[in-house]
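Each in structure tokens, the structures are laid out below.
Common to both upcoming complexes is subunit A, partnered first by subunit B, then by subunit C.
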Partner chain A sequence: MNIGTRKILDRSFTAVGIGSIIVMAVALMIVVVPIITNGIGAVFFTGTVEHRKMLFSEFKRGDSENLSSEVASSERYRAKVYQMLTGFEAELETMAPEQKAEYQAKYTQVRAALQALLGPLPGDPEPMLTRFKYGQTRWEKAEEKLHDLLYETRWDNSNPEVMAKEYFVSRAIGFQGTSLVKLFPYVKNNLESMLLPEFTCYWGFITDSSVDSHFFGGIWPEIQGTFFLAVGAMLFAFPLGVVAAVYFTEYARPGFLNSMLRSANSTLAGVPSIVFGMFGLAFFINTMKVSESKSVIAGALTLAIMILPTIIRAAEEAILAVPKTYREASLSLGSTKWNTIATVILPAALPGILTGGVISLGRAAGETAPIIFTAAVSVGSAIGLADVFSSPTPALSWNIYNLASEHEAAAQIRHVQYGMVLALVSIVLMLNLSAIVLRARISKKLKG
Partner chain B sequence: MIKKILLFVVLLSLTLSVTAGAAVTALVLDGSTTVGPVAKTFAAYFTKKYGVRVTVSESGSGNGAKSLINGSCTIATMSRAMKEAELAAARQKGVNPVASVVALDGLAMVVHPANPVRSLTKAQISSIYRGTITNWREVGGPNASIVVIQRESNSGTEESFKELVVGKGVQITGRAETQSSNGSVKSRVSSTLSAIGFLGHGFVDRSVKVIAVNGILPTVATVKNGTYPVSRPLYFYTNGQPAGLVKQFVDLPKTAEGKRMITELGFINR
Partner chain C sequence: MAGESEGECNRTNAFVVSARKRAMQNVAKRAGEGMLFAVASFVAVIVLFIFYFVARDAVPFFQIRGFSEFFTSSNWYPADDPAQFGALAIIYGSLMVTLGSALIAVPMGVAAAICLSDILPFSVRQYAKPVIEMLAAIPSVAFGFFALVILAPLLQNNGGPLLMWAWWILVSPFMLLAVIVISDLLTTKITEPKRRQQLHLFFMIFLGLLSVFLLFKVGTVLYGIQILTGTNALNVSIILSFMALPTIVSVSEDALQAVGRDIREGSYALGATRAETILKTVLPAGSSGILAAVILGIMRALGETMVVWMASGNSSQIPEPWFNYLQAIRTLTATIAGDMGEADQVTGSARFHVLFAMGLLLLVISFISNLVSERIVVRQRKILSGQ
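== the complex of A and B ==
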């Protein structure tokens, strides 16, 4: 090959390489940027006075004097709304029956929209569900609800051959000629005074338990559950994996059995995680009865089996990468085989082993399939260490799925779902970063 | 250093085994996604009131039944009654499933709000799901082919729907799309102009339009007096007659507070 062709080939390879890195970076940005921007919204947002009321009565957090003065000032503006409602109700009584029925239906919708915006109105019974006890806690949601109050959604059916088209009708027009017509511009102009939006930094999202199945509150039980499951899996898998790797590399004689075991291990690493989930249910819960029902321990064991092959492979590679001279030097000084492994080989292989371990830890934290049937529940309180043997737990990966699809009000609490996604991604990222740091520190120490 | 860590681990495991020995009273609920909102709300209420840990999984009525039979849950939440085969399996394992009704639920037939169709007869819905009616024009709607949405085989809602509308053992059209929960049926219908699906009444919101069946809309009154043709009870199944804490939990729908929670969630008290 002449030098010109080689140069061209070389350059084009560089170009392809840079190109693929750019594609990867762009893909990463497309995935990560929405996760971060949406997820941050769970902690930093424009909160209304309803949010501060909720925090005070559900979590006893916030300054009560400050809050009561805020509530008083918002009530001053709300009082006029309530006054208009009672005024209109009195007016309804004086109407002719058919006119009354017509307005009553429309009025019920207005009342419902106001309840969604401001919380229970005077005269409403105290709701049992926390989600109905407060108005909109987030300003952007309040603006959506304001639109619902001001406009009615109608569907244009004029052409029977196609699906209807959505259009909005101002509700105020429907109340023309009654006293309620003034309500709409009033609420529109004074919503800020009624809800007092201000920038809120809600760290409780990370440290609080959820209230009324994730309508309010935070995701601490999920974070803790994820942590317990991942660390539990590690406690089982890491020692076993390292011991197995030492056996494979140092003790096992090369032969048919050994190569079978190794290829079985590689196969296991490629088994889809749902298979491990079903295995965990059938073996740990139904056969071994490690716990009465789903539990953290059953989930951790299932995850441990799932990550075991990866840990064994990583540890094997790390041990094989220790220079032969180390071993020879140690043995020539009269050290025994076991002593050489424990004092020379394992410490030298430690950075590699730990990297494999921490990456598996990240995988255990993020897996959903193995814990669906063995450990995860959609609602549960944070559990103590003593409960890991008997109690299932919510976990980030599963609850993200649950909130996205199964929750009855998924569309209303998207911010919680995004927050959970960000939390999970950050946990995995932090674990991987700590692996890098740990590795660097240990190798530095070893080089001395 | 290593010795210290070992000592710590040993101590930790000792304390753990001691504390684990103490009887922990906790309720474990597993089953229907339709009963999910009620179960979750009751769980939060129960934990607050009695300090008992209650966990809820929503994995489908079929799974709830299996969990109860395997003894891995205290209460199975189901949106259909247990089948003969399940009862037989339970008896074989020495489990005696006892049902108690939580609430009534009207299975709402839902379409996209843009769909002008307001009412269908049971026969029409059945034909749509059997695949003999494939265009909205055939039932008085616009010219658009119907996207049929059903639930997975594990779902009690699917079983109730088949039993009440299509008929037991009748094959649903192969073109029907399967969704795994009430929530995902709702989001699919609300984003697909020509879709039809069915939901537990508690899951209905403004993103979808409920259509009348045989001219009757599912409301508290029509479900309660049985005029709405597609309604069914929701169950809590326990192993044996409930006693103690389990009984208190199962009896929540009979208390005034329980009734109010059920109503606020959009379900119908018996």
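== the complex of A and C ==
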């Protein structure tokens, strides 16, 4: 090969390496950015008067005088809609039976769309589910529902070769020549006056419980459940892990037994997380009977086993990183080995051990598979500290799965899902960031 | 005299006490050490327990149904009467997404590891490492949510154009490189400079046109592809490769760093470029460590649950044709997670035990690959330290 080609190859080799790191950074961005931007929307959004009504009646929050004046002003605009509806209903009665049936079907759709937009209409029975008691609480959702009201969605199946295409037909055309045709432009032009959108900062998303399976309200029970599980796991795993690390670094003599133990440690680190869940179910719940069925304690124990190898490894590294001179100085002053470990080595290694602990805490908080069978429930309220031995808990990681894949109206509560994912990701990344900062400090300190 | 004897006595007493004390101390030390050992061996006990308890619930399945159906049939109808427990398609699905993610993650991960250990200056490396750690820290359910809510609709609606752009962006630099290298290699034998230059130019143009044609041809084919479902093996493979990358990068970087400076310097001294040094000396020397990294990364993809459960489509079938990554599949982990809830009520049935059989399969695979990768790392360390 000539020199020029070799040079080009060399440069492009570098480019491939740098390129792959850039791809990784971009992948991180692509995953994290939509989660952050959409997740923030769970707390900061344009809320409608329906949101304030909901807050007042479900959480007793808000200024009642202010609210009633807002409701009154929105009702003034809504009254005209209701008037049009009653007008059209009267008109329906006068129609020929065939025509009436045709319009009745279309009118039912319009009513349903209006209910979704504005909440129950006059004359409707009191809805059973809270989600139907209010209209759209978020402005961007209200705009979607307005579109549903104005246009009918149809599917074009004319070409069997390709997938059916979606297209929209204006509903107003269907009501041409009746009194209802005026409704559509009226709602379109006066939606703001009917819903009174206003920038809302809903911190309750973090501190409230959910209402009607996450249609309204917040995610506090999940955050608390995640906290209980992760901290519970740490309570078991951290002391055990540090003690084991002390044994491995200070006492273990090289030999068959030691290499077996080390193998066991790396095997445990490699066990798939779902297998931990099965083990938790088979051992802690079915055999040990730590609780009747799923419980926080069973989940925490399962998570503890899962993070134990990580903690042991981090603690080992931290202890090995303590300079030999510390140990020698302590021993030369006549202190015993145990004394040296307890008063010199462990304090010096503590920041490093804590770093490992913090990272493991994040891992325990984010892991889902081990708690599916042992601790997690999809709906539930926040549990007290006394209930951890007997009752399961909702947790962020499990409920993200549940809301996104199994909720009956998953597409309608995307903002809650994004908010939950953001809450979980930010908890985990915060823990990791603090660990990174902590570690940078330690390496500076050890360097002097 | 009396005082003296008293002193003597005291001294003996002191001696006796200290001996007893020392014995006590010795016992305490032994006991303490024993306690520490007990805690340290706790991990081993847990591993044994995991094997025992998963196997205990897995064995009844094989007792009831035997081995052949589980491994050879792909009829998975656990809820039917009579139930069928053919897990072949599920095992195949697991292998498929694992292989797919490895195809993406291994080249990228190894390239990134090389870059981190040999190419980037220390100041840049400091910022690249946290990025990798963050990628490792993101919870799997967040990845799964991304795959289900963002990536799946994207693939379903704009799958063809996306594939085309991915093909162009990823492949065209390598095509260009290949054209340059091949045309160079084809003309090295010719000694006459003028003729050589002419031929070189001819090959460049010829191969260049050929590769451009290939790029466009494949691009248009990809553009025409319609992805029927966004929750498919491709989606899951991409996301799993993101999740396997941090493991592969950090373990293989360690392996490359373990390859000493002297080997690199020797290669540079012989006039090799950096790329040649890395490809011909550093990589072969670190290859076993990189293999270990790849095994660990693959295991992470095989054992991952949430992403595949949410975004693989969960349909128990072997894709048609077998390499079609655009179809929905189902994996072992997702089956365990998804079916346990329905099987739990009837504890003792084959339906419950078959899930533990799957768990045992996963456990055995991960155990073996862990042992293998550990062996490899130990061997590499021995070779490199020259023992």
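Here is the rule we go by: the second predicted complex is superposed on the first by the 403 of 448 C-alpha atoms of A that agree within 3 Å, B and C clash if a C-alpha of one lies under 4 Å from a C-alpha of the other, contacts with A are read in each partner's own complex, and residues count from 1 in each chain.
Operating definition for what follows: contacts are C-beta pairs under 8 Å (C-beta built on N, C-alpha and C of every residue); 3 or more make two chains touch, one makes a residue touch a chain.
Bear in mind that the values here come from a model prediction, so they are computed numbers and not experimental data.
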Given the touch rule stated above, what does A:Lys165 touch, subunit B (first), subunit C (second), both, or neither? first
Which partner chains sit in contact with A:Ile372 here, subunit B, subunit C, both or neither? Use first/second/both/neither. both
Would you check which partner chain A:Glu406 touches, where first means subunit B only, second means subunit C only, and both and neither mean what they say? first
Using the superposition on chain A described above, determine whether A:Leu129 touches subunit B (first), subunit C (second), both, or neither. first
Figure out whether A:Ala112 sits in contact with subunit B (first) or subunit C (second), or with both, or with neither. neither
For A:Val33, select first, second, both or neither according to whether it touches subunit B, subunit C, the two together, or no partner. neither
Which partner does A:Phe13 contact after superposing on A: first (subunit B), second (subunit C), both, neither? second
Just to be sure I read the superposition right, which of the two partners does A:Gly270 touch: subunit B = first, subunit C = second, or both, or neither? second
What residues on subunit A does subunit C touch that subunit B touches too? 162-163, 286, 372-373, 405
Which positions of subunit A touch subunit C when the two form their complex? 1-2, 5-10, 12-21, 23-25, 27-28, 31-32, 34-35, 162-163, 240, 243-244, 246-248, 251-252, 260-261, 263-279, 281-283, 286-287, 305, 308-309, 312, 338, 359, 362-363, 365-369, 372-373, 397-398, 400-401, 404-405, 414, 417, 421, 424-425, 428-429, 431-432, 436
Contact set on subunit A toward subunit B in their complex: 127-129, 132, 153, 155, 157, 159-166, 211-213, 285-286, 292-294, 372-373, 376-381, 383, 385-393, 402, 405-411
Which stretch or stretches of subunit C touch subunit A in the complex? 29, 32-33, 36-37, 39-44, 46-47, 49-50, 53-54, 56-57, 107-109, 111-112, 114-116, 119-120, 128, 130-135, 137-146, 148-150, 173, 177, 180-181, 184-185, 188, 226, 228, 242, 245, 249, 273-276, 278-279, 296, 299, 302-306, 309-310, 333, 336-337, 340, 344, 347, 355-356, 359, 362-363, 366-367, 369-371, 374
Tell me, which parts of subunit B touch subunit A in their complex? 16, 19-20, 22, 24, 26, 28, 30, 33, 36-37, 40-41, 43-45, 47, 53-59, 67, 70-74, 112-116, 141-144, 180-184, 187, 193-194, 202-203, 205-207, 257, 260-261, 264-265
